[in-house]
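When the chains are written out, they are named A, B, C and D in that same order, and each has its own residue count from 1.
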Amino acid sequence: MQPLSFILTHAWLIPVIPLVSFLLVGLVLRPISERLAGAFATLAVGTSALLSWTLAYDYVHLAEHGKSLPSLLPWSAMWLHFQDGFGISIGTLLDPISVMLLVVVTTVSTLVHLYSTGYMHGEPGYARYFAFLNLFTFSMLGLVLAPNLVQMYVCWELVGASSFFLIGFYFEKPSAVSASKKAFIVTRFADLGFFLGILVIGFYANQIFAAMPASATQGLQPLDFAFLTRPDVLAALSGLDVHFLGVGVLTLSAVLIYTGGAGKSAMFPLHIWLPDAMEGPTPVSALIHAATMVVAGVYLVARCFPIFATSGDALTVVMCIGAFTSLFAAVIGCTQDDIKRVLAFSTLSQLGYMMFALGVASFAHPLGYSASMFHLFTHAFFKALLFLGAGSVIHAVHSNDIWHMGGLRKHMPVTHALFLIATLAIAGIYPLAGFFSKDEILAAALHSGHTVVFGVGLLVAGMTAFYMFRIYFVTFWGEPKSEHAHHAHESPWIMLGPMAFLGVLSIGAGFIPIPEWVQLPGAPVEHEGIDLAVAIPSTILAIAGIGLAWLLYGGSRDRVDSLVAKLGGVYTLIKQKFYFDELYLFVTHSIIFRFVAAPIAWFDRHVVDGAVNLSGWFTRTTGLLLGKLQTGQVQTYGSWLVSGAIAAVVVLWGVLKSGGN
Amino acid sequence: MAEFLTTHGLTLQHWLVLTSALFSIGLYGMLTRRNAVGVLMSLELCLNAAAVNFVLFNRYLAPTNLGGAERLDGAVMTIFVIAVAAAEVVVGMAIFVAMYAERRTVDVTRLDALKD
Amino acid sequence: MLMLPELIVVATGFILLVLDLFLTEKQRDLLVPLALAGVAAAAGALVLTPDTGVLLGGRFAMDPLGWWFKLAFLVAAFLTIALTSGLLESAAPEVRKLHSPGEFLTILMFNLCGMLLLPSTRDLITLYVALELATIPLFLLAAWRRDALGGEAGLKYMVIGALASALMLYGFGVLYGLTGTMRLDAMPALLHADRTTLFAAALVVAGVGFKLTLVPFHMWAPEVYQGAPPPVTAWLSVASKAAGLSVLMLVLFRVFRPFLHDAGFAIALLATLTMTVGNLVAVVQRNILRFMAFSAISQAGYLLLGFLGGGSGGAAAMVFYLLVYVVTNLSVFALLILHNQQTGSTQITDYRGLSQLNPLLSLAMMLGLFGLAGIPPLSGFVGKFLLFSVTAQAGYHWLVGVAAVNSTVSLYYYLRIVRQMYIEAPAEGAVPLKPGALLTAALVVTTAASMLLGVVPTVYEAVRVSAAAWLQALGQ
Amino acid sequence: MGLASWLILLPFLTTLGVLFTPASRPTLIRWVSLVGTGAHLLLTAFTTWKFWEVASPDIALAKTSTLTKLYFVERIPWFKSLGVDYLVGIDGITMSMVILTSIIIFTGVLASWNVVNRTKEFFALLLLLVTGVFGVFLSFDMFLFFMFYEVAVLPMYLLIGVWGTGPKEYSAMKLTLMLMFGSAFILVGMLALYHYAGGTTFDLTQLAQFHYPVEMQRWVFPLIFIGFGVLGALYPFHTWSPDGHASAPTAVSMLHAGVLMKLGGYGALRIGVYLLPEGAQYWGLFFMALTTINILYGAFGAIKQTDLKFFTAYSSVSHCGFVLFGVASLNLMGFKGAVLQMFSHGVMTGLFFALIGMVYGRTHTRIIPDMGGLAKVMPWLAVCFYIAGMASLGLPGFAGFVAESHVFMGGFFGNAWSDPLATRVLTVIATLSIVVTAVYVLRGLAKVFQGPITDPHFLELTDATLTERLSTGILVVTLAVVGLVPGLLIDLIESALLPFVNRLHATGALAVAGHP
């Protein structure tokens, strides 16, 4: 094998550049000039993007004929040393999925940075915004390149934190503040599962690791993916006769790790934070809450896929929850009025798609794995485009409510065209990107024998087309419904440029042979072209969805209103997102805060501290009572003295008779 | 003298009963007399009971196992006790007089300015 | 030669008495330096005195530990006189002045002499006489100010003192009867652990307990401490307690040594009771003299711990702690006397804001209080630590716990005073205290000693050597 | 005189320097303190470097040793007949704690720059306190250790009582008494240790070679652990902490939460586990359970607090629980986690209290609901606060994560003497705190710094001054450096902790049956 190229051995540069830029922008440039800070940050991420394209190019050319792409660890260093034979290194793991995501993240991030220089122009905290974007990019890249669970977890938390700061960017707005808290806490809760998963698997992997001869574990650590996904290790793990609540170690840890992924990827029932996260600036939503961070969960499952696949049960969980989420979110998406929230629910739905795609995969039928990654790839572009388009619209209309828009296709033709492309892409219309990946997912579901899931997928495909065109029609067609909509202006080129670039990718990404490159290691190649048995029904359903949307929303609002009236309570239930937010609020505030936190605070102040004060009181009171013996009567004192002498006699008799001789 | 006592059946025990009784009466007096002078007198009883003890033990027990000057230790002690008791009474009376000048009473139960 | 310190003290007493007759009011100011010189001379003589030797046919003897006790008495006397100087001099404020300085000092000297004799006594007669000499003059001193409170204090002290001495005397009598000898050293071999012996022991302990303010023989203490003039209280709290300890050591180590080990539980009980009651009641006191009384009671409880196990380590710990206690307690009393002398108050709350008026004096007082509480690096800590260590060595781990918790409680009340001095603001119109030269010197000496004893091990090591030699001599 | 002694002496000399500076020149007093503590920081850096030079070749040795090797040992016989020595030395744990203390006191002096009332006494007491702290960390003679321990605790009374706020006398008294109450337990345990070993030495290194009877270990260990636990805010002996911290002035809170509370964990480890391995084995699970309560209880308690200082104090209860939890988990990772957590919590909570003081100095309120939107007017403080908050909820990249991950790994990996299922369940319960912590930290900070400005007066407030920036900056950088390059600290402490583990194993496994 030829020596690796410079960028492959120095892949760490890609995340480090944004990190350095974050520090520079945050500490040095921000006070000097906001514009400069923004430009610098953009430039830094751009450099990373260029580097990752170069890297991807070099990496793809590593493939030898007939073989899948190699998994490389060109650089790593010990970071956290727990005990002998159990440490955590940091490094850059290069394999098909990480390289793919590297490209996606840096590309979208660069475009979002560019877009933001226009979108955020004049906002207070402009430089802060870019600093956090840089931080996010760094963390996300670190996550992507993680060669072990702990680095993944570390970066996982960091993306969570940067997401928190970006959602709460408008920190004077209470809704933004609470949305950011919610996002952080919900994902944190999920990360607890992830962390426990690491603990569980770390413990047993460490045992297995220690039992192996040193030669077999050369250069590895127990939590490295390279170790954990080795067949012999997996066999040993699944062979362990340790159960907790009837669940084996492997399944338990897989499910726990999945919990983390489910939190980040907002799977049901941890989905509640994502719609609220739309309180952040729209470019942030595009980058973090559509294209990159939220797919980290999918990425995690893909990364640990051999563990899930060996467990089997865990994969079923992934599949069921993924399928359910995709349907659930699609249903809610049909009723929302906030353009960004609709997009958020669509993101949820698409993430569910990716998840169940992984769920249906197996070593025998690895197609779902490739399909999921493929969909992740394409989705990043068109969803980012949708968000940026929405941002452009919001920028013009100063509102998120689709019912305040309307007729914008005339005022904002470029935005309209690009938005339409993205909408078609997500609806899965040939030959746009979404079609290919969605088709592959459905095919994977069908071919692996999961017909129910396949059915759900089809249904969701149709619904996706429906609700996406719903917002498209309401926003861009009809009459302007507000003063702002009348006077809307097209956005500047600094915003349109990145959108156009994404538009090109939304059209063309389907032709990039991701499934060929991204193969489940150790499984047979199962890639096939377009399967008409899947493509035809899905396209039909998509078109049906578009048609329905046209029917309902293409013209006046009356039809919708009458339909809503007919649906009645069901509609309200859906529109209120099945009252999940309220449920969570109830559980946290009314149960945990009121019945756990408040009683503990009370208990501490009154019982525990009360006991301390009581002992003080007791001391004083005893002192007072004993002091009362000082009556001032000398003869009483004399009596005490005499009785004391008598008592001494008695005690001495007792002690020396019993204890002595 | 010794023969007289022993022939009349008086043993050490009898004497000890006497001194114990004396001592107890003294104690009782000290703890119950309201008049300070009465307290002092009771004290004398106590001290004297103890002093008599020394004489008794000297008489009955000590000479049997000791020689020389120490044979008289008990009696010597008694003399010292008497002397000390006198000193004690003197001091006590001095204080009482001073007290009386100040308070116009020597009732010990009314001396309770100092207490908690 | 062996008795030289005592003789010097007695001589000083007589000289003072006689001089007093011939001096004018003004000239009497010379008496204090004279008394100090006498005590210093006695101390000098003590240094030259060998620490073993016998006089008067074995009725008086020097022993290594007795030497330390005598040193403690002399140091206490010297410091007390220095602290009292302000009240004895003719320029003192009339209300709080101690009249007839010559007589006062004479009586103090005789009292001191009695105490000096105590550790050297070797038979019941000398012991009794010395003990009474160490006690009776105190009644007078307590009632020195012939006001209502002083008189009451003196009377109560006298009544209880007489009662205690009667009990003890009775106990002595029983001991004599049991052994037929007055010689303390001859007794252990003749005693058996029968009920009568224990009865005698209990009576003796009750008598000594009065002097050492052990609970429940302590009840006179707060009253007397409160009613007596503060310098007398200071003297009482250190010298009388030292005298009590020396008698108790004499009795327990010389006479009842065969039972000492087995009586451990009784001692532990007495110690627990003493420190606990002393501490608990001290917590609620408002008068600083009463407060010091209860504090002193609890300190006696700690002292008692040294008897556990009956080893030389315990003896050394007690003597060392006694030395520490003498200087530390007197350093506290220095300020207390000064404060009382210049404000007339004995209320704890009247110390408020003192640190802002007299920062250095307050610092000294705080260090003294912390020393009493046993806070390192003050010597009080080392002293307590040694006692606790003895307790642990004797196997009474629970008692270490009790004592340590008691220390915590005691810290509470010592901190109450610190709080007044440091945290509260001074009262309107409060003026700084103006200490005299002698008092200042005494304060410096006590404070320095209370710090150095804990840091420089020389004194402790010397006491330890003495104790070992002493116990070895006893064992023969 | 060697480095170890200088580390103790320097703050003491600074104390004297302050005492001999006239009270009428407060600025000079501040500068004397700053220069003294700054010099100490340099000395610490130098010592660390020296230590690293001499200690790093010995790491391999530690893997099999049952005795922690000391460096820069100085021994001067003191109370010879008792076997008390002036014995100071440095090992990895000590070194890391000295670094922590040195940083905290330096920043603490900076944070107290605006103490105007009785400046001289304030700084003198502060420096005296810190002398005691250094003494505790550096001494290896139990007598000396205990002596310094009390020296470190007592000045707190005056510092809180005189310069505090709110019910300061009550808080100061409660704090002092509870800590002294704890030290009563320690004293009992210590004397037992001394006498069972023959009563000839207090030298920890020599006592460590003595094998105590198992029965004795079983009753002494809880005394030691609880005694030190009081200072380490062990439930239910932690209630001095909220009141004390709430009343204390800024630098005192910093020192107290940052350093003094560490003495608890340090003592439990150094004396409890080191000398009484079998006692530790017997009680490990019990204390793991108790500290699990600690962790969650503190965290839940913090949710409902409205005073920023109470809030931080409860959070400290929770975080100090991690320290003791790590100690109780009886394995290398747990021990390392405990020491790391001591360090990280020290810095983090020091930062917290420094910031609270700064915010309070501006808004004159610490009540969370009264504040809002402060990030707009004091961005520096807000950023630092968020960093402290993120560090406290264990965000990777800061020292807290390194420590917590060790502690949890340690707890989950368990030990041979506790029921494995129980330790794991307890660990899982304890990990819940990372969510609860996020809840209270974010709720609290969001209210204070985010949202609309609640009081128009706030608009006139200013951001951090230069000294404030310096002190907070140092702490933030420390948090980040340890978080990003944990090896710096881990390598320092690991060789010191390996013998602890070896000792536990050398005693031979005891029967698991008969647990308390």
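Everything that follows uses one rule, which is that contacts are C-beta pairs under 8 Å (C-beta built on N, C-alpha and C of every residue); 3 or more make two chains touch, one makes a residue touch a chain.
Quantities reported herein were computed from a predicted structural model and do not represent experimental measurements.
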item	value
Closest chain to the centre of mass proxy, which here is the mean CA position	D
Which of A-B and C-D has more C-beta contact pairs	C-D
Centroid distance [mean C-alpha coordinates] between chain D and chain C, Å	42
Whole-Å separation of chain centres (CA-atom averages), chain A against chain B	97
Chain A-chain C separation of Cα centroids, rounded to whole Å	76
Inter-chain centre distance, chain A versus chain D - centres from mean C-alpha coordinates, in Å	35
Where chain D touches two or more other chains at once, by residue number	177
Multi-chain contact sites of chain C, meaning residues that touch two or more partners	155-156, 159, 163, 222-223, 281, 412
Junction residues of chain B, two or more chains touched	27, 30, 39, 108, 111, 113-116
Inter-chain touch pairs (all)	A-B, A-C, A-D, B-C, C-D
Residues of chain D that touch chain C when the two form their complex	78-82, 84, 143, 146-148, 150-151, 154, 157-158, 161-162, 168-169, 172-173, 176-177, 180-181, 183-185, 187-188, 191-192, 194-195, 199
In the complex with chain D, residue positions of chain A that touch it	78-84, 150, 153-155, 157-158, 161, 164-165, 168, 171-174, 177-178, 180-181, 184-185, 188-189, 191-192, 195-196, 199-200, 202-203, 206, 588, 593, 596-598, 600-601, 604, 608-609, 611-612, 616
Chain A partner contacts - residues on chain B that touch it in the complex	27, 30-32, 39, 108-109, 111-116
Contacting residues of chain C [partner chain D, same complex]	370, 375-377, 381-382, 385-386, 388-389, 391-393, 397, 400-401, 404-405, 407-408, 411-412, 415, 418-419, 422-423, 457, 460-461, 464
In the complex with chain B, residue positions of chain A that touch it	627-628, 630-635, 638-639, 642
